[in-house]
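First chain written, first letter: the chains are A, B, C, D, E and F, and each begins at residue 1.
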Amino acid sequence: MGGAAAATGAARWIQRLSAARISTEALERGQSRVIDASLTLIRERAKLKGELLRAMGGVKASATLLGVPLGHNSSFLQGPAFAPPRIREAIWCGSTNSSTEEGKELNDPRVLTDVGDVPIQEIRDCGVEDDRLMHVISESVKTVMDEDPLRPLVLGGDHSISYPVVRAVSEKLGGPVDILHLDAHPDIYDCFEGNTYSHASSFARIMEGGYARRLLQVGLRSITKEGREQGKRFGVEQYEMRTFSRDREKLENLKLGEGVKGVYVSVDVDCLDPAFAPGVSHIEPGGLSFRDVLNILQNLQGDVVAGDVVEFNPQRDTVDGMTAMVAAKLVRELSAKISK
Amino acid sequence: MGGAAAATGAARWIQRLSAARISTEALERGQSRVIDASLTLIRERAKLKGELLRAMGGVKASATLLGVPLGHNSSFLQGPAFAPPRIREAIWCGSTNSSTEEGKELNDPRVLTDVGDVPIQEIRDCGVEDDRLMHVISESVKTVMDEDPLRPLVLGGDHSISYPVVRAVSEKLGGPVDILHLDAHPDIYDCFEGNTYSHASSFARIMEGGYARRLLQVGLRSITKEGREQGKRFGVEQYEMRTFSRDREKLENLKLGEGVKGVYVSVDVDCLDPAFAPGVSHIEPGGLSFRDVLNILQNLQGDVVAGDVVEFNPQRDTVDGMTAMVAAKLVRELSAKISK
Amino acid sequence: MGGAAAATGAARWIQRLSAARISTEALERGQSRVIDASLTLIRERAKLKGELLRAMGGVKASATLLGVPLGHNSSFLQGPAFAPPRIREAIWCGSTNSSTEEGKELNDPRVLTDVGDVPIQEIRDCGVEDDRLMHVISESVKTVMDEDPLRPLVLGGDHSISYPVVRAVSEKLGGPVDILHLDAHPDIYDCFEGNTYSHASSFARIMEGGYARRLLQVGLRSITKEGREQGKRFGVEQYEMRTFSRDREKLENLKLGEGVKGVYVSVDVDCLDPAFAPGVSHIEPGGLSFRDVLNILQNLQGDVVAGDVVEFNPQRDTVDGMTAMVAAKLVRELSAKISK
Amino acid sequence: MGGAAAATGAARWIQRLSAARISTEALERGQSRVIDASLTLIRERAKLKGELLRAMGGVKASATLLGVPLGHNSSFLQGPAFAPPRIREAIWCGSTNSSTEEGKELNDPRVLTDVGDVPIQEIRDCGVEDDRLMHVISESVKTVMDEDPLRPLVLGGDHSISYPVVRAVSEKLGGPVDILHLDAHPDIYDCFEGNTYSHASSFARIMEGGYARRLLQVGLRSITKEGREQGKRFGVEQYEMRTFSRDREKLENLKLGEGVKGVYVSVDVDCLDPAFAPGVSHIEPGGLSFRDVLNILQNLQGDVVAGDVVEFNPQRDTVDGMTAMVAAKLVRELSAKISK
Amino acid sequence: MGGAAAATGAARWIQRLSAARISTEALERGQSRVIDASLTLIRERAKLKGELLRAMGGVKASATLLGVPLGHNSSFLQGPAFAPPRIREAIWCGSTNSSTEEGKELNDPRVLTDVGDVPIQEIRDCGVEDDRLMHVISESVKTVMDEDPLRPLVLGGDHSISYPVVRAVSEKLGGPVDILHLDAHPDIYDCFEGNTYSHASSFARIMEGGYARRLLQVGLRSITKEGREQGKRFGVEQYEMRTFSRDREKLENLKLGEGVKGVYVSVDVDCLDPAFAPGVSHIEPGGLSFRDVLNILQNLQGDVVAGDVVEFNPQRDTVDGMTAMVAAKLVRELSAKISK
Amino acid sequence: MGGAAAATGAARWIQRLSAARISTEALERGQSRVIDASLTLIRERAKLKGELLRAMGGVKASATLLGVPLGHNSSFLQGPAFAPPRIREAIWCGSTNSSTEEGKELNDPRVLTDVGDVPIQEIRDCGVEDDRLMHVISESVKTVMDEDPLRPLVLGGDHSISYPVVRAVSEKLGGPVDILHLDAHPDIYDCFEGNTYSHASSFARIMEGGYARRLLQVGLRSITKEGREQGKRFGVEQYEMRTFSRDREKLENLKLGEGVKGVYVSVDVDCLDPAFAPGVSHIEPGGLSFRDVLNILQNLQGDVVAGDVVEFNPQRDTVDGMTAMVAAKLVRELSAKISK
């Protein structure tokens, strides 16, 4: 048999600090210094990219990768926390060319650029709590948006990150957005296992905060009674897989974002059937094909101001990384959609 | 068939910059700002940990993890670049307890603490060249050593990182160290495939720089004529597996570091037979057993001032991460050796 | 090289008995005692569950899992013989919630309950022959049906088990049923490799016995001339994948069971394309998608009195058990269909 | 995201029963009937095997497999709960012959026979608690020992089963035994995570109960301060891997069981280095080689009255089942040791 | 670290020869003898099969397997070079029957026969260059066509082999053919990485040589600007996956080969979505389903005179060889299409 | 369910021929032409290599790879039949350098050269029976030995090939050899499952034929009573793993081949413990470590005239081909031993 389950870094750290009688104030000063240094690193990278793009001229929007390696639960790290470097690797791997399906060049920074990761684990390991961590994520997103024409395309991480990201986008733009949300699950539970920041509750937080006007959920096939009730409560348009053959035509001709600040696209990799994307934490058969997803995204009309690709879990992927390639192609095609 | 192999981030970036007529000076300013922010982040974390340990009192040396996710070759990222988060995960995973074999408690910061990763990929993606990158690694190591009683235990990354790490340790301590180097290969070639920073040349650089007095290489079983000649040239003590049964007693009773600034231990995971550590880039049968390695390390006499565990490649590991557990136990037992 | 292929437990046992001059009569007495004990165990569990449901009241039908871990061929155990515990594990694993797609709660015993496995291997290991074994399976099914409102939902095992199960259902209800049979193969050969109980012959036995009126086979894509002739001989309605795009609308609007004792649904996991269900013994590309299967099942009109999910082979599944999740979701949705 | 973690079968069941106002007494009657039926099934099989062996004559002891598919923790089933059928399959698989290393024939019932599994999951699913379950295991072991010359060789399951097994052996024989315990962990914690039946506490229970006189633990390499203190408290002879090279000669020449009722051998598969047995829950590098284990077992002097092979976890095994073959060979060689 | 990348066999060999001052003439004589012996082996096998078929009588066309184990790039062997024996194994493996979907018997030589492999590696290892190697492939194809009624069905190898195969077919028949080309990529680049024989350029060579009149490409989803321009230049009919739902009806009712010498079908396994065929070198999500491909092939009208199945990479396949089964079924159904 | 198990190519072919009333004589003529063409191909390659080496001068012996892709049992192809290309790939793969452990250069043809494979499957597919096939193997070996200084180093294939290889070596040299045979099994059964050419009987055939004087078997750990009796009958020196710790010193200092025509070394990869070589058909725990094998081979004194490496089964290997690297290193070190 094994041994005592390890406490998280944060918990261990704080226990030790109080044992050593370090003052709370001193701890918070140390944490603030670490957080400031983290945001500075993102800001400097965004600035460098922004300067280049403005010097090149004529770019209205460029998709900008920002990794958020957060696996929100108890242990030190969890599957989706490992996703950002794997997705980046798959985007640039030599097995495919650098064009999107409609012909944009990914190695043109006017289409895609990158500002690195929010150092989630380093910050948590200093004893920073989830509430503050969520604000660091929001700040990071705003830092990217400070540098016109960069638009954030966030690499999760689990789905809990969509809340701080959408909040930042909406606050920065000064009003709600429309959201196209592809997922097997509604992620709209009031509070999941006592955690208001749970990856199962992010869209409840978004709707409560007024950060979205319309919320369309597509690909649903694991939804409880509460999930449907919350959907009704917030006026969510829920499209379940049970009726996808009937809804297909409508979903392949969406027009969103009119009268609001734009469109946000959130893709949970498990919207796909596990045959197409086995590398996810929640295997839920009966989902969309990869082409179904592209048909919806490529035909979407609207100004996509930001987006995310979340819940890819490299620890469940096939040996040769098929789901990493799937996540990467979602990022590639979203970059084509965002950039202009 | 696929398509054009992707140029590296650094190369792409610089091409674009010159195309956009950004001045070299402006670029370098941007890079310096990114590097400074990176080092600041490490410094703040080290400071926080150092303050705690000094407040606790009575600690002479504490092993301090510093990740260097560098896979030095041509493509964007490579296997060992993914190792640090996997090793951390394995150290704290619930399947084993938190004691070392001789009874030290790993969740006591007097034994082990952590200052996070050098953001290698973010820095490279800004167009920073290898020479400067190696100095950033050295600076990071020194930043850790600034905070007494922290002693760096570096998580690779490939073996090329040992050069900037040992350089920093020696420069900081003011003189050479003795090195115990466990590896299937001597990594002492003058220049490998035209790259002086190659993971096959790091110990040539170390010996040329005068950073080590004695260099003992144990586990060798893939060595060319040049490797043996370079060994003689630098006075390296090379122990090959061919004669391990004869050398065993001597190696299990080593005494190092007398008259120099201490002992540095560099463990390339491929010193182990691939039966024990399949997750490496270079499968070379006929290596040490895990117990052989522990017998050497646990019986080593000397003041271990720093060390590294390198060349674990998670992309070659078994599905359940056996080699990650092996790398983690090497880190655990090295922490026991370093701390006091 | 290896060694002598092991004789089966049954064969070895009987050889030894005759060598030891144990009388046939004594052997049969021993076997009968083992079989009686086996059936008693199922009866007691069914009784316990039946009592509960009747006490709760208002339940007309509850799906009741009965595992039949039988891999009928020569060696001691074979792939599908390991399936029942894996499917159960996947039904209750934490990665999905406990609702069916249309909102029934699986942890409500009015929807789903369980009476365990027929101890197939223990019985065979006592030297019991296939003919008698098939009767034990039939008896087990009837034992479940004795306890109103339990309705058997059998977890295979290979497809040979459908014969004794359907026989029991029909005999217990007093007349034939209609069968919806999803499979890549017709399983209707007269006699396969000399074995009348072969998994390739179960539906020939069912039709000969008059246990079914209509038999619809959907998903066929590996069928020989004999398979088609046997189909005609028994009046089977065979739908081949070659024409599925034409047949789809009809199959998604089936109405069955009128004028007979109800509908039996038999799902061979290999009706799915191997992309959706790789964990099967017979990889036959070109099958149904998981959603195709659900569209057929969810829209089926008729009183489903019993069913089975067979031929899941855990030894061929992916490392993370994707096919187990597929089999489990088939069981979940069939439970929703059966219960009322 | 997924959904509510499933409550265990037992918990769900009892909630429902109280909701339905079934009396506790009625529930207990139902449970007793299920347990009685379970024990009857084992008794009948043991009787059948015992009759044969007595009819053959001249047999003093025959190893008798009894599977205990118990994975004691919270979820419905866990890894080692799947082990018994896999080990049986590997014992008889055609890739090796049916001789032990010293030449006994495994398909001779005088060497090895089988009475099947205790239906652990079926019993738990009826709401039976751990305390009673442990007694069912003890009763099963005694039922085997009732039939001279059968001697129990138990297939785990996790290590928690050793406690009820040794208790039964000692009670049946009327006094303590000596135990040779091969394991990476001492499993002697007073109470692990609040569970007195934990697989980490079984040997504390055994020593407290006076069921063993000498307890030798070999292969230890993950042991906490409490583990060593408990060892001293109970007078355990703990041999750690750190000193195995020194202890080897002694351990390869053990003489046990004199003055007590015999020797019990308990083999936790993780005594082996994970290179030799990757299919375990707790990867702990630095263990014994397979030949080391055989050298200890084959040279052991003493009357082995019973034993177990535990903690093989098929869900962590290699694709081709290497650890299953390892567990099977341990069972084969233990059968050779027990039978006479 | 490892060591110097090995030069190819061919390169090594030629270096040595010049070092040993062997005359070019002597080398070429040796190579010619090896090539002649290779072609003789194919001729003798084709003759033997042709004699049989003519003796049986009444056969107009029989599909004849010819393996071309060529992985054209730098290292000694590459993935698709291992494909032919794996595909053959999968065609005849016992897990499926020997009928095609429409009822032809594969073990009837009038449907399918086999003349073995062109010994590509042996020839390359003698220092034969690519230009000459391509002619050996063409000669091998003609050798098969010499023996009426054999029609070549070539097992790749990578896609570069389609050029010499189509060239041979066209030259032998005395005019161009129509080509149905299923692929994720157009493989029509002028010259890829300096290699005119690249697997990315084969269809440029075919069109330049006038070996095809119409070229239909179906399944495209990774195509650059140059790929589209080359397509226009050669009058290629390119069907991209982006519009497959609109094109489906047309593609499922193709009529080809009128007014030319017949139809050639080239199937790159990566035309399929990686969910259906993970064992390919270039994972490109969003492809055809297996049934989509069969619908196109089975409904194709025209005289199929030859074909190929290429780019199956066994080194990327699942453990149980799912993609091998997929490639084999493509070969089986193409055999049904060719034979008459 | 699947379908009719496919008859082998040979069987199918002959059935058809007799059905078509082709005369036996005509068939045999066709077969002879195929065999002659096969041997010609090997001869021409050997001649080319021999000419080079003689032109270089000063070479007494060069190891020459000859692949024999034979998996002797019933189905079309079996695991070890795929081994030769995999071993070649691993020998030259870039992950290791091209020196042997003692410093010979493998890309020097004076150390290692290659004449390709005997086209076993092509010959069998023409209806050639095993007896004649074995003679083709013997002829191929002699063809290599015709070209001084080439010495055959055969890549299996299963162990049945050692008989025709040793026969050829002994006949060619004009007398018996001494054999060092490393294996988990003695392979000396009189006749296994009715097959005198079985891989379990090859050494019985060799001893009966008088092709060996001394036969040392090392690594044995799966041996039946008959195996030991046959050993005694033929005067075989059998070293079992049970006593390896006692025998080690003797085996690491062997002197063989005096007074006979030289030494033959036959390495069955399963002599290694499956931890070191999982890619074998017969997993038999408790074997040699890789270093144990090298210690025996590197210290062997004697003139090694030929050898083989057999029973590597790529279908059982790890995903990254660890056993292929193991087999390759065995070939590399044997080449060092043979060449001079």
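Note that a contact is a pair of C-beta atoms (placed from the backbone, for glycine too) under 8 Å apart; a residue touches a chain by one contact, two chains touch by 3 or more.
Fair warning: this is a prediction, and the values are worked out from it, not measured in the lab.
Undergrad: Name, by label, each chain that touches both members of the pair subunit A and subunit D.
TA: B, C
Undergrad: Measuring centre to centre with C-alpha atoms, which chain is farthest from subunit C?
TA: Centre of mass proxy via C-alpha means gives B as farthest from subunit C.
Undergrad: Taking each chain's centre as the mean of its Cα atoms, which chain lies farthest from subunit F?
TA: Relative to subunit F, the chain whose C-alpha centre sits farthest away is A.
Undergrad: Cα centroid separation between subunit A and subunit F, in whole Å?
TA: 56
Undergrad: Distance between subunit A and subunit B based on Cα centroids, please, to the nearest Å.
TA: 32
Undergrad: By residue number and range, which residues of subunit B touch two or more other chains?
TA: 2-3, 95-97, 99, 222, 224, 273, 275, 281-282, 289, 318-319
Undergrad: Quick one: which bits of subunit B touch subunit F in the complex? Just the residue numbers, please.
TA: Residues of subunit B touching subunit F: 221-225, 228, 240-242, 244-245, 273-275, 278, 281-287, 289, 316, 318.
Undergrad: Quick one: in the complex, what on subunit A touches subunit B?
TA: Per the touch definition, subunit A meets subunit B at residues 2-7, 9, 12-13, 16-17, 19-22, 26, 30-31, 33-34, 36-38, 40-41, 43-45, 47-48, 51-52, 55-56, 69, 75-77, 81-82, 85-86, 88-89, 92-99, 107-109, 114, 116-117, 119, 121-122, 125-126, 319.
Undergrad: Residue numbers of subunit B touching subunit D in their complex, please.
TA: 95-97, 99, 101-103, 273, 275-276, 289-291, 294-295, 298, 318, 320-322, 325-326, 329
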